[in-house]
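Let me give you the structure first, and then I'll get to my questions.
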Amino acid sequence: MGSYLIRRLLIGIPVLIGVTLINFLIINLAPGSPADLYLTPTSTSADVVRVEAELGLDQPIFVQYFHWLVRLFHGDLGVSFQNRAPVTELLAERLGPTLLLMGTSLVVAYLIAVPIGILAARKKNSPTDYTVVGAAFLGISVPHFFLGLVLIYVFALELGWLPTGNMITLGRGGGFADRVNHLILPVAVLATATAANMTRYVRSSMIDAFGQDYIRTAKAKGLGLSTITNKHALRNALIPVVTVIGIDLSALIGGAIVTEQIFQWPGIGLLTIQSIGARDYSVLMGINLIAAVAVFGANLLTDIAYAVVDPRVAYA
Amino acid sequence: MTTTEPLLQVRNLKKYYPIRKGVIARTVGQVRAVDDVSFDVHPGETLGIVGESGCGKSTTGRAILRLETPTAGSVIFEGTDIATLSAGTMRRRRTDLQMVFQDPYSSLNPQIRIGDLLAEPLIAHHRLKRAAAQARAAEIIQVVGLPRLYLNRYPHELSGGQRQRVGIARALMLEPKLIVCDEPVSALDVSIQAQVLNLLKDLQGEFGLTYVFISHGLGAIKYISDRIVVMYLGKVMEVATTQEIFTAPRHPYTEILLDAYPEANPHLRDRPRIIVEGDVPSPAKPPAGCVFHTRCPSAQAICTTEIPRLSTDAHPVACHFPLLASKNGKVES
Amino acid sequence: MTLTEKPGTAGTADAVVPDSAAAALGRERSSAGFVVRRFLRHRMAVAGLVIVALMVLTAALAPLLAPHDPNQIFGSFEAAPSADHLLGTDAVGRDVLSRLIYGARVSMSVGVGAVAVYVLIGVLFGLLAGYYGRWVDSVIMRITDVFMSFPYFMVILILVSILGPSLLTIIVVIGFLAWPMIARLVRGSVLSIKQTDYVQAGVALGYSTPRILFRHILPNALSPIIVNATFGVAQAIILESGLSFLGMGVRPPAASWGNMLSEAQSITVLSSQPWIWIPPGLMILLAVLSINFVGDGLRDSLESRSYT
């Protein structure tokens, strides 16, 4: 186990380097150069050369990559082209709303998926099960933006119960109830796909678990179905759920981008869209790098969690 | 016994598998699957290799065909050491050496019809057109006793015995000189085993084949082999003609093996049974000295320290105290 | 004990030898009839297949089926459905139904195109990694780790914006980003298949590596690839519509279901012109749902064990 952990972490090092390298290469692929920030339409070509030399842009690409890495380690992600603020500052400002949105969605998805998945597994091949499976399919198939539009149409425009977007009501908002009101629709959109996916995992792994010997033994010992569900099967069934969270972080981030755009939720996703509109690649690469490191970390944790729960993994 | 030049000479063949552990998968030990094995195979004969499960029979067979790269030693086929040939040269050389596998269920690609399975070697090696190769397949499939109609079937539509016949037919397609049969009948129903053994015997006469026949059971070995190699824990214990092995074994291990198969050796039936003590040691930690000493009824002090070498006489045996056979039992030399 | 038994009798004598697990695996794969029968038992999968077939047909025959030219601008914009314009017209005055029909072309070609690209790449890398093992495997697996560390929608969004949004860009970008899943899947299958005796037999028979890889290993590794690719088509359709919705995909005037929906980002369209955005939204949902059902039916009938 210990050596598996160390090996898994060591494997992560080249991967992390690869992530930064690709990120850096994409920046270089992007049109525009960091030098543009310091130049005006009246700058001469001599100015361009001077600024590029100052910024180290005349050096070989690997040297540039190395300097970029060093700056990265000092927490310097560059400067936004659009509003000249350090990228780290922009990110820090937007991170809170996104974490609130994604975190709430995950919790909601989890609270829906686990009981429903278990219910469907216990009533396998019953109308209840078919309904759950059908709904889960619908959930993974509906695009975030369409679901978002429908929800806004129904609950905000037609019924007028909830706001169409934003995090607080401008001007007079900001109270707890107001914030919750604004959170409901975006969370509903973001949680749907995750919950649907998770339900499918919980259901199928519970069905597997029910079929396993020790559960049959427990049944033979006269333990009631709910005791069995709670004690034995649940623990095992949660392994794939951990995996879903790991795998789905990537999908969740994708979903958050679209959801934040639809609801004008002032988080990282909206910043992404705005930066794309403004072709602000230094911000985009900062976001991308942070997100990639997060996904990388989630994958790592998933692997380790797997190995902890199922020691056979460590020896595979 | 034979005066002809051997078709195949296995010399000091070793195959060690590394045991890896830890963060950087460093090698912490070795499984000595095959450890210093030598023997000859003469043209036209059937050489049996017998021994308990895990003693390295399959590994030896696979190393001969270079399905495993030997750790050391040479496999000299018709004068060339094929263990050191380049991959490309070896690939062309494979027309001379073929294999029949143990499990007729997994040795045929389930997606390919029998006709194409048989035709493929000719297409791959001799660039035959599919029709010509199929025509040849139709001949061979009848030689192994299956109707031509089976050419259009998939492997799963055949029984185990029929599949093994296909496996044999496929090995014949390239007209090899040597066929390694790795327990070709042990996965089959007892009633089918004899049929397949007979087929192998008949084919040997018809095509002048040489066999290396691997088995852990003495019954099949006795029936088909001209000479027998007895292996234990990766090493050769004894090499002799089938008759000598069954009437006058020189190694205590051979005797124990024979004892476990009284039906294969009726005249030994009345003797007191030899009790084999202990389990087979792991090939990862073979005992010092003679690998068999932990279970040998006649082991002495020297057996625990010195590795007995295979004797170079007419009936090679690797034992410090080989048995001298007589009708009444055994006498120590 | 002589070779006198007739072939026919041999067949009856040992016809009922029990299956080994490996044989069972091979058995259901090789008989297409069995797979088809199993698939047909899934009513939703069959329904999905019919719908997908109809959509493909619609895409292919769009010029015949569409009542109008999808880019023709009529005088009445944002007109409610009428006899002439069954689904009304959009903000510019184009016929919504015709655009819907032409939009099927985009979705179908992105689905098929992107998946074809990444399945090809993934299969190749997966075969290499699984068959050669050692450092080849390590390097390829680390590359897949790197790719899978990137949140794919974001990277696709950024790359498409750099390269310039278009149908081709989307296909290429998805194609070059999504292969690692397939590569891992194929590698896993190859690792187990290369141990089988029939691959060993191929080596013993002196077959070339390409022959072993493509004729003996790949066909036996196909089921999980097919299942995964099917779900991948649905995924690609969602991605394209999402990108187009954000204005980073198929650009107007070309019609795509995603960019038709993006008009609904205006509150007036959203609240009072549902004919503009509900039909394309439903089409995306229907297409994706149908393909997912097909994938599920395939997974069950091909008996792959992944839970994608």
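A, B and C are the chain letters, set down in written order, and residue numbers restart from 1 in every chain.
Note that in this section a contact is a pair of C-beta atoms (placed from the backbone, for glycine too) under 8 Å apart; a residue touches a chain by one contact, two chains touch by 3 or more.
Source: prediction; values computed, not measured.
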Middle chain, criterion being Cα centroid separation: C
Farthest chain relative to chain B (centres taken as mean CA coordinates): A
Between chain A and chain B, centroid-to-centroid distance (C-alpha), Å: 57
Chain centre separation (chain A, chain C; CA means) in Å: 23
Centre distance in Å when chain B and chain C are each reduced to the mean of their C-alpha atoms: 48
Of all residues in chain B, those that touch chain C in their complex: 62, 65, 67, 90-95, 97-99, 101-103, 105-112, 120-121, 124-125, 145-147, 154-156, 158-162, 165, 167, 170, 174, 188-189, 191-192, 194-195, 197-199, 202
In the complex, chain A residues that touch chain C: 11-12, 14-15, 18-19, 22, 26, 29-31, 134, 137-138, 140-146, 149-150, 152-153, 157-158, 164, 200-201, 204-205, 240, 249-251, 253-255, 257-258, 261-262, 272-273, 276, 279, 281, 284-285, 287-288, 291-296, 299
Chain B partner contacts - residues on chain C that touch it in the complex: 1-3, 5, 7-8, 10-11, 13-17, 19-20, 22-23, 25-27, 29-31, 196-198, 200-208, 211, 215-216, 219-220
Complex contacts: residues of chain C adjacent to chain A: 44, 142-143, 145-146, 148-155, 157-159, 161-162, 234, 238, 241-242, 245-246, 248, 261, 264-265, 267, 270-271, 274, 277, 281, 284-285, 288-289, 292-293, 296, 307
